[in-house]
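What follows is a structure written as structure tokens; I'll ask about it next.
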Amino acid sequence: MRFCQSFMTALHRFIGPDVDVPAGDMGVGTREISYLFGQYRRLRGAWENGVLTGKDFASGGSLVRPQATGYGAVYYLENVLKHEGESIEGKTIACAGFGNVTWGICQKAADLGAKVVTLSGPDGYIYDPDGVTTKKKIDYIVEMRASGRNQVKDYADKFGVAFYPGEKPWGVKVDVCMPSAMENDVHLEHARQIVGNGVKYYIEVANMPTTNEALSYLMSQPGVIVAPSKAVNAGGVATSALEMAQNSERLVWTEEEVDQRLRQIMNNIYTMSVEAAEKYGLGYNLVAGANIAGFQRVADAMMAQGIF
Amino acid sequence: MRFCQSFMTALHRFIGPDVDVPAGDMGVGTREISYLFGQYRRLRGAWENGVLTGKDFASGGSLVRPQATGYGAVYYLENVLKHEGESIEGKTIACAGFGNVTWGICQKAADLGAKVVTLSGPDGYIYDPDGVTTKKKIDYIVEMRASGRNQVKDYADKFGVAFYPGEKPWGVKVDVCMPSAMENDVHLEHARQIVGNGVKYYIEVANMPTTNEALSYLMSQPGVIVAPSKAVNAGGVATSALEMAQNSERLVWTEEEVDQRLRQIMNNIYTMSVEAAEKYGLGYNLVAGANIAGFQRVADAMMAQGIF
Amino acid sequence: MRFCQSFMTALHRFIGPDVDVPAGDMGVGTREISYLFGQYRRLRGAWENGVLTGKDFASGGSLVRPQATGYGAVYYLENVLKHEGESIEGKTIACAGFGNVTWGICQKAADLGAKVVTLSGPDGYIYDPDGVTTKKKIDYIVEMRASGRNQVKDYADKFGVAFYPGEKPWGVKVDVCMPSAMENDVHLEHARQIVGNGVKYYIEVANMPTTNEALSYLMSQPGVIVAPSKAVNAGGVATSALEMAQNSERLVWTEEEVDQRLRQIMNNIYTMSVEAAEKYGLGYNLVAGANIAGFQRVADAMMAQGIF
Amino acid sequence: MRFCQSFMTALHRFIGPDVDVPAGDMGVGTREISYLFGQYRRLRGAWENGVLTGKDFASGGSLVRPQATGYGAVYYLENVLKHEGESIEGKTIACAGFGNVTWGICQKAADLGAKVVTLSGPDGYIYDPDGVTTKKKIDYIVEMRASGRNQVKDYADKFGVAFYPGEKPWGVKVDVCMPSAMENDVHLEHARQIVGNGVKYYIEVANMPTTNEALSYLMSQPGVIVAPSKAVNAGGVATSALEMAQNSERLVWTEEEVDQRLRQIMNNIYTMSVEAAEKYGLGYNLVAGANIAGFQRVADAMMAQGIF
Amino acid sequence: MRFCQSFMTALHRFIGPDVDVPAGDMGVGTREISYLFGQYRRLRGAWENGVLTGKDFASGGSLVRPQATGYGAVYYLENVLKHEGESIEGKTIACAGFGNVTWGICQKAADLGAKVVTLSGPDGYIYDPDGVTTKKKIDYIVEMRASGRNQVKDYADKFGVAFYPGEKPWGVKVDVCMPSAMENDVHLEHARQIVGNGVKYYIEVANMPTTNEALSYLMSQPGVIVAPSKAVNAGGVATSALEMAQNSERLVWTEEEVDQRLRQIMNNIYTMSVEAAEKYGLGYNLVAGANIAGFQRVADAMMAQGIF
Amino acid sequence: MRFCQSFMTALHRFIGPDVDVPAGDMGVGTREISYLFGQYRRLRGAWENGVLTGKDFASGGSLVRPQATGYGAVYYLENVLKHEGESIEGKTIACAGFGNVTWGICQKAADLGAKVVTLSGPDGYIYDPDGVTTKKKIDYIVEMRASGRNQVKDYADKFGVAFYPGEKPWGVKVDVCMPSAMENDVHLEHARQIVGNGVKYYIEVANMPTTNEALSYLMSQPGVIVAPSKAVNAGGVATSALEMAQNSERLVWTEEEVDQRLRQIMNNIYTMSVEAAEKYGLGYNLVAGANIAGFQRVADAMMAQGIF
């Protein structure tokens, strides 16, 4: 708390709801954001709560914000499957980690009839062939994380499933791989396992979870569809924008409304990526499409607003 | 007008839509608030109309704001009745005063099939067994107040009902008592009358309308349900928040939209109070529940935002 | 661009989303507004995009804003026709110019089953008896304007319809005349032609498109209904207000939502004008009604907010 | 007072000690400036007293400010006389008016051994061959002005000197003419009288006191030295700058210090004018010199600070 | 330090060099003021050091500020003695306390040839017939205070003079009494001792050091001159103003310059008091004079700046 | 100019007279600073000219600012010589470069009876045994620099002295070496020459003009006194502070006043350095003294103002 307060004392003159809006990253959750906002409020003497996103509910945090990255990733996956003429229902998914993002994936996948069958931690991974689909299991993820023990083995102990110490989940045969934990999680050897298992959908979720080597390898496989994290995980920051909108309106949206807008945004991101790649003759290339669409948007805005 | 302008000249540096938002109380209505806002606008040179609530419509005042406290009180009552397995339809209500609040109660009660049978003034009270339910009667309340004569006898003269000079309406046998005028209106003697009449619902509306003695007596009666004004009359300030939301959005909501949101808010307040009392083992105690729920909310926010 | 930037450097201290919000007029379109906004943003270091309206989409411009004046004019016309017991379906309309406003009229008229049969330019007018109703024709208007050639003859060449060099379209026999180009476009001689052709609906769209003489003449004809531009063309500035609302909410509305709100606003404007004229005993006089309703609104607000 | 307060309420956002600093002109004296400052202070909630000059002493007004224009004019005259190898001692001076400026001239002339022998008013002029040199006489000027009677005849009555009703003082034979009252005071006929009387020094003090015709005539006379008011009366605004300096320092200077700095400034103005005229080959031409030096200064600053 | 920082976090929005300038009082010295200023600077991100007075030298504190109240009191005394045809040289003075104020009196009295012969503390008083005049003795006062032992007996032990435990110094026979410690220090019994000892000069220094009874008694004695603390101790706050002036100028004055300006200010205060009492027919009454002069100044400024 | 304007558009929100005050360094002179100030003024709409130092005179630049570093260096040298019981009169000085700093050294050395005998440029150095002491020679330095030719040979051509192409002036036998041009100008080989020539005074002027090796060597020589540039060249930034003081006061100081205050400041810097080294037992060590005194000052201020 003291650190957050000192940090904001130095930072507050340079941010604002219309100026610059920081968001938390790894290790900065609702608790820290709320401390930061408390100090900002004190210093400004004003309730400008759009200045930070990911706040606690009483400070104007949005419902669904914690799960938003995970939900968004599943919505993105749904689009990819639809493109291939498949349904998400019944699909098995390998995930990594057991933080907010993975929690959101488990929940939304369960809602849509799919199941996440692996979780991982610094200590190894678990394999739950029935899927992390029940409320009890999904709630237990939150509990595990809050415990501070930082080990996924607890899940295996609790629910009587297999735990593989020191290993990563990428050798499990699933329909979809969603590396959702850390940078450089999937190495070339894992990529080879994934391809060997005939996994068709490689959906990055964490920021840059694949080493360069592994990514090149995966993208060169004709039977594999690679989706880039910069598009797949946009649901988090998109919901930050929805939080800012609620703060600006001085209103609180229901969970349904946030979720529905999030789904709409993910569909748009997917569609714009597909169209951008096609427009530039690159076929169904989700990585190139995301890069092009993103660049195009920034470039157009810069041209429209005039040179500096 | 001059007083409002001078007052705002001194005050304007300390308020703002995100800083502090004054609202009118007794004797400060739309007219005064609009004068205050006019001066604020002049001094700031900006249209920051969220700075004050209860404004005239052209300055951004919300529809339903004048009636909101009364409407909200009836919505609260509806919840209490539902809890007891009863319906508001057909209920008779004793009210005090004939200001905005009472006007709102009459209107909303009529809308929902109940009827207010007493009004009061400094000169006594009237008893209208048919209820203040017609448009003509309800509009006449506004006219009476605007006349500046400050006497409720006019109503009796106009509609040919009984007028009881110098008396209070609490001896009338009704289903529900809603003291909706001033502080310390209901004394122990009135409370005894109320209980004697077998009134089951004592719904405070004005700020602290019951003397401490009377309140203790009423709360100790097993057959009487007491609802505290801090929860019951929250519809007014809640609609101020809705006015601020409209000002922030630069939009004007329809009467229906404001009314529906107000109803939702009153239902939430009722539910949170009931749940808070239950959670702390106090049963169906609306007074304790309102205190606990309010305290909890403030305490949680303070903890979340860090110590000062 | 340089001019816009210099202008904004001098202007920026005197405007703001809550202070004063400039909009473009003839010759100032999306391009210029976006340059102005780019410079404002640079100077403030803040994303206060409600400060200007008519921006490009990426800077927060509203959908339907370019067509809004035209759409609004047709909605107004629809109200007038309904008052006379007629339907807009099947009506023929004479328009002038081929800019944004006329483009919007063509589109919305086509949507509602009417057809615009004339367009004009500095070089003359065209007469298209089938109406400017197809997507191809309507899109070509945008193309013509963007070409910078500034001649309406291109339309005649493209679609094989008659072109009348050096003439104005007011001699064409139609159901409705909508002068939608410039000031003082319709002179007494044209007014006589219009009346001679038995045109019943004279709906001004451009700012003051009728000379005083011609206007007096038209208003004195018992069989002619004259609608004043100050009400008819309000859809443009109304949609600027909707753009500001979206900017305040940090949301983007769909085309349908903007269009529907625009229609609602135009209906209100029409209704308030009609009621104001009636209230002051002037019958169905749209010109007087617009003047009275506008004056009344400003005067009421001034009284409410107190003298300066 | 009410007018000053309203005016400042509208003006205050556009001025400031570093922004724009209004000063009074005819009819706006210490009283009005102090009312304006009082309102500014109230609105800002801050003691930014450099925002206005000519304030009362308690609000930070400078000593010598009321007399500064007159003192400065005499210092300028002193320079001119020195250039001609003469001394101010013993010189007779014709002045017009009996306001602040003339009062200052009388005082400073007396201090330096010269004497003002005429004063004028709307009712005529007085001729006091002994000069307005004693404290009693000089104080009486202030009294006359404060009386509100607005007639100079009072002086003649009080001190037993000649009063010439309806006439101007320019026919009196003196060493120096200093028109110090109003615009267009000296016409061609007066100029001819002045020349006829052999007056060598024509020192404008009021803003543009000489008609164009009269000024051309005077400047064409080889024996007459004309000094332009834009330079001669700069002591007033220069002392406003000294008032701002004192306000910035939060200090109060003694009368001596202000007077000495004022003298220094007037000497500089004179010298810069003389040098500018010489540099551009115009000889000893005080009018041209003032124009050139002023223009040069502004032009240089504009070039140095870059184009806009 | 933490307290100062928290306090300033709450206070900083309401103060400023041109807004409100807090100064320390008992128990708030240079250390606390500098902590307060450090936090203010941090929060504002600006070097607005005129916002607080009594700062450390590096933060812009003025030389002589710590001793200013004491120095000023002696300058005031000097004026009183001069009025009575006496000189300060050789006078003996009884002081109370041994804080900043008394320290300043000792120093300045010694500089001018007088001597302070008593100091007091919560434990009693000391009597030093040679006076607290040497650098060694005067420096020891600072040391005593910094020790935190809070006893004046240390001085007696150090310099071998008499210590009177539990007593006050007002029974000592001196020329001048200067109660310079706390409120209500001198009671009626002490006043009687003072008069009995033939003390002619009773110069209050601390804020209200005399009980009402004692003060009435002293003022009623024909042979006693009473000077009120509101005038005598003004040197402290006057030097705060000089500190603000230095901060505004961004300059540091020498000790001599501050001291000389302080002396000038004290002379003015004395003179204005004397003149005010005389003007209102109260003779040489320093108490009445200070009240009148102070009131007059505020009243005049209020009138000049207009009613609120 | 365009670059300066763009740079200031980005920078202006982060600076201010009380916030951060940029000054020019190599290649940024009065011209650039004035362009920067012009843009700042435009953007702020306020005359806050303390925001930048080194401005043109009309924008509030201080007299003596251009020469200040050079003057200050000579004043520092004077102190060193006095410490050694010598006088500056008659001393010969080797300088490098021919920019503002060297120009200032030449002038002030000449004023005090010393003479600079070498100048250097990228093309070599000149040796003028009579010294750069006459107005003609000193003015020619300014001319050389303004020519943009960037060669010191011009001086040799003009005044008929020796030019040594491609060489540095450190082998010339002089009393004092003052490297006043660039970083790392004096290498070990030059240091050896300097020592070999028996030069006793090595006074750094440019920022870090001596390589580490050379500096260690020089400091280890018992007969050489080394003065560090961080103290010697402080006159420039000190005069920037004096410029800010003049801007705050809204006054212009004479050349004499600036020069005298500059001298005082340099004397203080010298004295504080000497005392700091002595206090910490390092003897007459100007390098250590400057480091200690600087560190002490910052550390004391940080302690006084409280931890962050």
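Think of it as A, B, C, D, E and F in the order they're written, each chain with its own count starting at 1.
Simple rule for what comes next: a residue touches a chain if its C-beta (ideal position, glycine included) is under 8 Å from a C-beta of that chain, and two chains touch if they have at least 3 such contacts.
Just so it is clear, the model here is predicted, and its values are computed rather than measured.
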Spell out the chains that contact chain A while also contacting chain F.
C, E
Taking mean CA positions as centres, which chain lies farthest from chain B?
F
When chain D touches chain E, do the two copies use mostly the same residue numbers, with over half shared, or different ones?
different
Using Cα averages as centroids, what's the distance between chain B and chain E in whole Å?
58
If you average the CA atoms of chain B and of chain D, how far apart do the two points sit, in angstrom?
68
At what distance in angstrom does the C-alpha mean of chain F lie from that of chain B?
76
Multi-chain contacts in chain C, i.e. residues touching at least two other chains, fall at 9-10, 42, 45, 248-249, 308
Provide the residue numbers of chain F that touch chain D in the complex, in ascending order.
1, 4-5, 31, 34-35, 37-39, 41-42, 45-48, 56, 58-59, 248-251
Residue set of chain A touching chain C in the complex reads 16, 18-19, 241, 244-245, 248-249, 297, 300-301, 304-308
Which residues of chain B touch chain D once you look at their complex with the stated criterion?
9-10, 13, 42-43, 45
